[in-house]
Amino acid sequence: MNKENSYITDEIHEECGVLGVYDLDGNDVLSTLYYGLFALQHRGQESCGIAVSDTNGPKGKVLSCKGMGLISEVCTDESLENLKGNIGVGHVRYSGAGENSIHNTQPLVLNYIKGTLCIAQNGSIINTEELREELEYTGAIFQTTIDTEVIAYHIARERLTSKTVEEAVTKAMKKLVGAYSLVIMSPRKLIGARDPFGFHPLCIGRKGSSYILASETAALNAVDAEFVRDVLPGEVVMINKDGIYSDTSLCTNNHARCIFEYIYFARPDSHIDGVSVYNSRIMAGRILAQTNPVEADVVVGVPDSGNAAALGYALESGIPFGMAFVKNSYVGRTFIKPKQAARTSSVRIKLNVLPEVVEGKRVVMIDDSIVRGTTCAKIVKMLKKAGATEVHVRISSPPFLYPCYYGTDVPTGDQLIARNNTIDQIRQMIGADSLGYLALDRLNDIIGKGMGYCDACFTGNYPTKLPKCVSKEEKK
Amino acid sequence: MNKENSYITDEIHEECGVLGVYDLDGNDVLSTLYYGLFALQHRGQESCGIAVSDTNGPKGKVLSCKGMGLISEVCTDESLENLKGNIGVGHVRYSGAGENSIHNTQPLVLNYIKGTLCIAQNGSIINTEELREELEYTGAIFQTTIDTEVIAYHIARERLTSKTVEEAVTKAMKKLVGAYSLVIMSPRKLIGARDPFGFHPLCIGRKGSSYILASETAALNAVDAEFVRDVLPGEVVMINKDGIYSDTSLCTNNHARCIFEYIYFARPDSHIDGVSVYNSRIMAGRILAQTNPVEADVVVGVPDSGNAAALGYALESGIPFGMAFVKNSYVGRTFIKPKQAARTSSVRIKLNVLPEVVEGKRVVMIDDSIVRGTTCAKIVKMLKKAGATEVHVRISSPPFLYPCYYGTDVPTGDQLIARNNTIDQIRQMIGADSLGYLALDRLNDIIGKGMGYCDACFTGNYPTKLPKCVSKEEKK
Amino acid sequence: MNKENSYITDEIHEECGVLGVYDLDGNDVLSTLYYGLFALQHRGQESCGIAVSDTNGPKGKVLSCKGMGLISEVCTDESLENLKGNIGVGHVRYSGAGENSIHNTQPLVLNYIKGTLCIAQNGSIINTEELREELEYTGAIFQTTIDTEVIAYHIARERLTSKTVEEAVTKAMKKLVGAYSLVIMSPRKLIGARDPFGFHPLCIGRKGSSYILASETAALNAVDAEFVRDVLPGEVVMINKDGIYSDTSLCTNNHARCIFEYIYFARPDSHIDGVSVYNSRIMAGRILAQTNPVEADVVVGVPDSGNAAALGYALESGIPFGMAFVKNSYVGRTFIKPKQAARTSSVRIKLNVLPEVVEGKRVVMIDDSIVRGTTCAKIVKMLKKAGATEVHVRISSPPFLYPCYYGTDVPTGDQLIARNNTIDQIRQMIGADSLGYLALDRLNDIIGKGMGYCDACFTGNYPTKLPKCVSKEEKK
Amino acid sequence: MNKENSYITDEIHEECGVLGVYDLDGNDVLSTLYYGLFALQHRGQESCGIAVSDTNGPKGKVLSCKGMGLISEVCTDESLENLKGNIGVGHVRYSGAGENSIHNTQPLVLNYIKGTLCIAQNGSIINTEELREELEYTGAIFQTTIDTEVIAYHIARERLTSKTVEEAVTKAMKKLVGAYSLVIMSPRKLIGARDPFGFHPLCIGRKGSSYILASETAALNAVDAEFVRDVLPGEVVMINKDGIYSDTSLCTNNHARCIFEYIYFARPDSHIDGVSVYNSRIMAGRILAQTNPVEADVVVGVPDSGNAAALGYALESGIPFGMAFVKNSYVGRTFIKPKQAARTSSVRIKLNVLPEVVEGKRVVMIDDSIVRGTTCAKIVKMLKKAGATEVHVRISSPPFLYPCYYGTDVPTGDQLIARNNTIDQIRQMIGADSLGYLALDRLNDIIGKGMGYCDACFTGNYPTKLPKCVSKEEKK
């Protein structure tokens, strides 16, 4: 197979989504897990998994189903046979750290001194190498290459001297540097934890007798659950038959929310830490209109993420909004072309332009980012071919300049078009008549003043130390 | 498997898409076939197939690959192994007439007196029963239950007394009553034919040395081909190494284009017989705004087909356009739920509402049709739950009252909500504050005066006689 | 995939097995079909199929399941879902005539003037080309390349002027030249027919209220059915709710049973036309001992088919019988090696020699045939390497010299080692110390005087005319 | 799926086969691994795996392919893509200890302080529970339920204080109680180890520049390798680029070879510790003839394992040997019946009797064991139905009375027919005219005086302490 990400040259990926469900009345949670994960599928399409247990069954007996592919491919009638339980965790994955293979699928299901433990993680640990070495020096063996196994080991070790598993989680977190939103299932408890910087989201929902932990609130909506609240950065929540308990001892006010969750990763119908993702995109569009105005006839967004910002731009500028693109919904984010089908532009297969919308018009085209620039150039070209007289590209984020170590796959160094080119050079390379990025100093406006966020990919100001293996060179 | 069409209760389906490619210079056409069919996938997701031949190879040797599922599932590296040729036909299918099984996949590949013939059809023959019986009375055997086999037989018989295969096609067409757009591959020729009423579209494109026949112009765009012209209703075109030949002897001025191709089936980026599908939807929205005005704060379209009409409504009415729905792109039109995932509202899984767009607002919601009413009711409810103070439903087509016998699967009789209910009763059933349909007498406005169209599903005025098996009762 | 028949260079194949079941009391016959076909799997491993109907259900509604591979691969829980009925036919296939593809799987399921018809065939028609052409000249279309479709057409045509389907079968048979054992299911009847020469076997069994038609009696044993009788060469039997009816109008005394059914194809536990296959092999071994005696210490048979003849040789000669070979039972007749596993001797993987049996001994090695000689040479070498001081090869059939046109795949011309080499040259090529074949004039002794048989592959005396396409050259 | 072992009621299973290959010249070993495992398939059909590395590539980079099913199902072109290396290990498994799931497939591939380690094991550890607990008390986590993971952990821990990995293996072995034949791949070494009792076999072979470690010598034959020698009970061998090194420090003279390897598990063409498996079976038959003589007309063996003993009985008694059974080679040891195929006797499907061999005769029927007695009873009945006038059953092992804790799945307690019935009662239950078992005191004669063996399943004399979890009750 000639596997290719359809927008491969110009897309960045979130690395994971996590989900946990605990039904206090003993009802089966499989359906909630299935549809909840379905709603998080955009956070990872390479592999996925579900693990369930029955708090009233044989203690700690875990049944799981994991595999490469989408939820709908992995969780079939056949593979779900016998999967039943009133507590469970699920995971969708795009392989960032840890190679893309069946061994690395999550949730990680394991036995330790207190029985079973199932862990699903979103994020990336900075000091995983040191932690792994430390464990190896005491004789540990590793069967995967994912950070989650390192976290699991540390929880298991801390458990030896802790009264509860949640205490062990908190103690283990003190050793972890980096980004992690965790959902953990122990035989009688569902635990959620979020790193103190709060890089990636994690929220709590409720539906009848079920508590739900999820990467995004959209997963709560999908299963008709109510949003209860976000897990705080640094918080460990434990849900058992008696309710929710919270340990906020690691919470600080020093937050570093991934700004790209708002700009691109998260679903527009999610709220993260109280902020509507949709509104933040509308706002990004409005700011772009303020800071990068242009005389034009129509504003169009590159689907799907560019549409909200385009609408914001249109609202702010008064230029009419239009939908210039028709998307082929049978192309997933990951699209496998048979070898025999000679190489063809993936952009062309995925998108078509409606000349009716752009012909003879000056077009403002809004996209969320430019990575390598190749896709952007193709789309500009398609617009012009369809009759656009001018194409003014507006990007609802600042230029990418630095790699991300917190769980997204922004490419490194020279692959980033903005690294070695001025904005005008980029404009020429993509064939646009003008090009404007969101200004760095307006980032905070899109999520609200006072919300700490991480903009390291734009600034190189990493909120944590960097991985041991990163040379000075690579960072910049 | 608990197979279910996601919008099962309120969706109608097109039954097929066809494609043919002939490269005069002998270049391989597999890639063009593959991506062209990909662009037609919306016309049928149940099965598909490709057949190719080499005009310079062993005469009439055909290689094919057919199966249940999407193009990306059926046409894999493994199944396409060895498929090579400079002439080929392809098909995507939603099973209307003829059960849904592997035996009924197209293109139909056969041998007859003059070698091989491969036929792909979009549409439905009215007199198939009579034609089949007639053949059986001379000893014919049938291995499928599709109309295409009956057509093939008649072509084979006419071929005995015709000088060319295209002549045989024309003669056979004289016996066929109903809707058919055909693409036929004979060892050295590619033939396209469209029924004299022109129910379904068929167009001609060109890319370098390749001629292309396709159900929609969007397939031409997808492979970077130029649109040459539409095949005329009643026309037979034959493409061989010397160019295109046309037989218009069956053409008349009595056309009956399926109006629903414009309203819903076709891609908005296609043009059918010179009319932009996108523009016709914009126009439907405009007309709705003129004929069914309402005071409101935002106009939203039910994705994907409702968006263009919503934009039209917004433009005409001056009410702002909004995008209230987030669609889960991992749910196909056909969505298989594992049995273990207890029944959940398919609408909920597929769509979520953005409260940011509708909260506290009077909403005009545009959809293309109401079949049974259940989906519409759920969406109205979702909007109200998200805070819409009023929901005014506008439908960009007249009420469905009669079954279709020309290749779409509009349900029969009592399943149609409009059959037994007044508009106000329907309004109540779907929970809307007001409900308006496109008026019958404005239908012609959306495609342009003088374009003959079929509105039998709204009026019961069928342009042809009806199938023998249809009782008077059933028709009405 | 690097598909390879494990004994590819020295094996010949039967081309099919057929089965039919009709339960007069309306009981489901799926289980009988499944296990009956299982017992016939040795007659064809490339594809298989089952079709069933319910004589009390909607008239002529047929459900079928066909595919490439073994019964156990094709007939799975999923594919058999809903297959129910009290009448059914089944087929296993090795592709002889007609390419190896899904289109050519049997039973052929079709509709004709009288409803449905399902046909399964074992054998090969000589005049298929003429019959096909004749049909094409009246406008017939062919969707497969198997003889069975031609037979079906003729039955359908004859049916127009016949009172019953069995009469049509008889009339059609008058036009067919060649080898065929047919099992046919019409909505209310099960029909069996065998060509007048009786090339291939077909027998009738009974189990409770079920009548069974099967290629071999071993299939009757497998389902605990009683053997009733063989279908006579030239006979048409029809089973309906009133019992069995027989039409022997085409029967003659001029029979041409395939002698290789006894020597190799059929299971040793089958009886064909009253003759025990096992006994005929024992007898072949005895005759070899009489005509090709040798001083030796042990007699061994090449598994599996050589064992019975080896036992016969041992009994006749007084030389002890031994089992020198260990077979790897995880290698099927058809064995797919991954490309990555570099080419290795298939013989070695399949067979190992027990030095304990042959070391220091003079060995008589019995095999059923030598085709190209390569496998035989490898086995002789293995025996010598294991310490055999002498290897005397005895073949329980005469040398292959001519191709078979009746449904087995004896290779043509120069691929046959005996065609261009004397017996002593062959002996040298396979490295044996002596070599003896069964004498032509003793063939009749192995099945009993008076039983007409076909020995065309040894003598070139074909009982019928040859296919039009066979040149004089090729025959010899 | 209605999965069923075909002889489920009367079969016992070996639990695993192991293989390792190291090519000193850097040649790829995949082909040797593949065909070697193929020859060991009889030792485990539930799951299998291969892991390879390149001693000249990136240090310790391991590529693996594991899955449920046979070698030919798991190791396909697709799954072996990219698997290349000059060192590798393989495993076939029947799930004994540790549930039957993908998580428990071997080889176990892991990372530890010194890089990668891949371990394949045959056998069962008695003190696995204690060892696991001990590890958990220091914070270990377990991702499988197989003993091999416990062994791996101990090797990793011992490695911290050892100079070499082979030293760590030796140290770890001191803690292990039970049966284990191990093949271990470290980045630059191939290691083999066998428990001091030598329960299960392990041998060394050589083919050109490749060293091979294998469970049975038959695997060496299959890849045309020479047998070098057996790994001694208690020995650790290490193969690196400089040759083979041996550590015999744990070797003793107190051996407990599994006697059932000779009687049933191993292939007859294997030698274990210098003893021919074939000869030991011949000898078992001879002893049975001496100790349990009977007047009869023919001796037959239940295939496949009963044949050699039957030949021994025939040779010793002078009664003619016959082959009464025809086996359906399309039924594997594990056979999945579709649900739809109503329950049918698996014995009947697998075996058929040749009346020609037994009709009117007094038959001695040799089998290797009786577990529950049901299969034996069915076969006796089949022989009588085929006309045998008397059936005298002779079993080439003593009666099973006790469970096995060393890696075979002899059922426990009351499922064993011999536990609660006298020999005469068993005779009656199976319908035999007489019944004789191999005498306990003659066991040593079949493998040779002085060879220590384990007969715990017959005597309850376990050579080691028993698992903590086994109650006194259960042992007896």
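Each chain gets a letter, A, B, C and D, in the order it is written, and its residues are counted from 1.
We take it that a contact is a pair of C-beta atoms (placed from the backbone, for glycine too) under 8 Å apart; a residue touches a chain by one contact, two chains touch by 3 or more.
A quick note: this is a predicted structure, and the numbers were derived from the prediction, not measured.
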| item | value |
| --- | --- |
| Labels of chains that are neighbours to chain C and to chain D | none |
| Averaged-CA centre spacing for the pair chain B and chain A, given as whole angstrom | 36 |
| For chain B paired with chain C, centre-to-centre distance based on mean C-alpha positions, whole Å | 48 |
| For chain B paired with chain D, centre-to-centre distance based on mean C-alpha positions, whole Å | 60 |
| Chain D residues counted as touching two or more neighbouring chains | none |
| Chain-chain contacts as defined at top | A-B, A-D, B-C, C-D |
| List of chain C residues in touch with chain B within their complex | 102-103, 108-113, 117, 136-143, 145, 149, 152-153, 156-157, 159-160 |
| Contact set on chain B toward chain A in their complex | 1-2, 28, 30-31, 34-35, 38-39, 41-42, 45, 70-72, 75-77, 80-81, 83, 218, 221-224, 267-269, 276, 278-279, 282, 304, 307-308, 311, 321-323, 326, 328-332, 335-336, 338-342, 344, 348-349, 352-354, 356-357 |
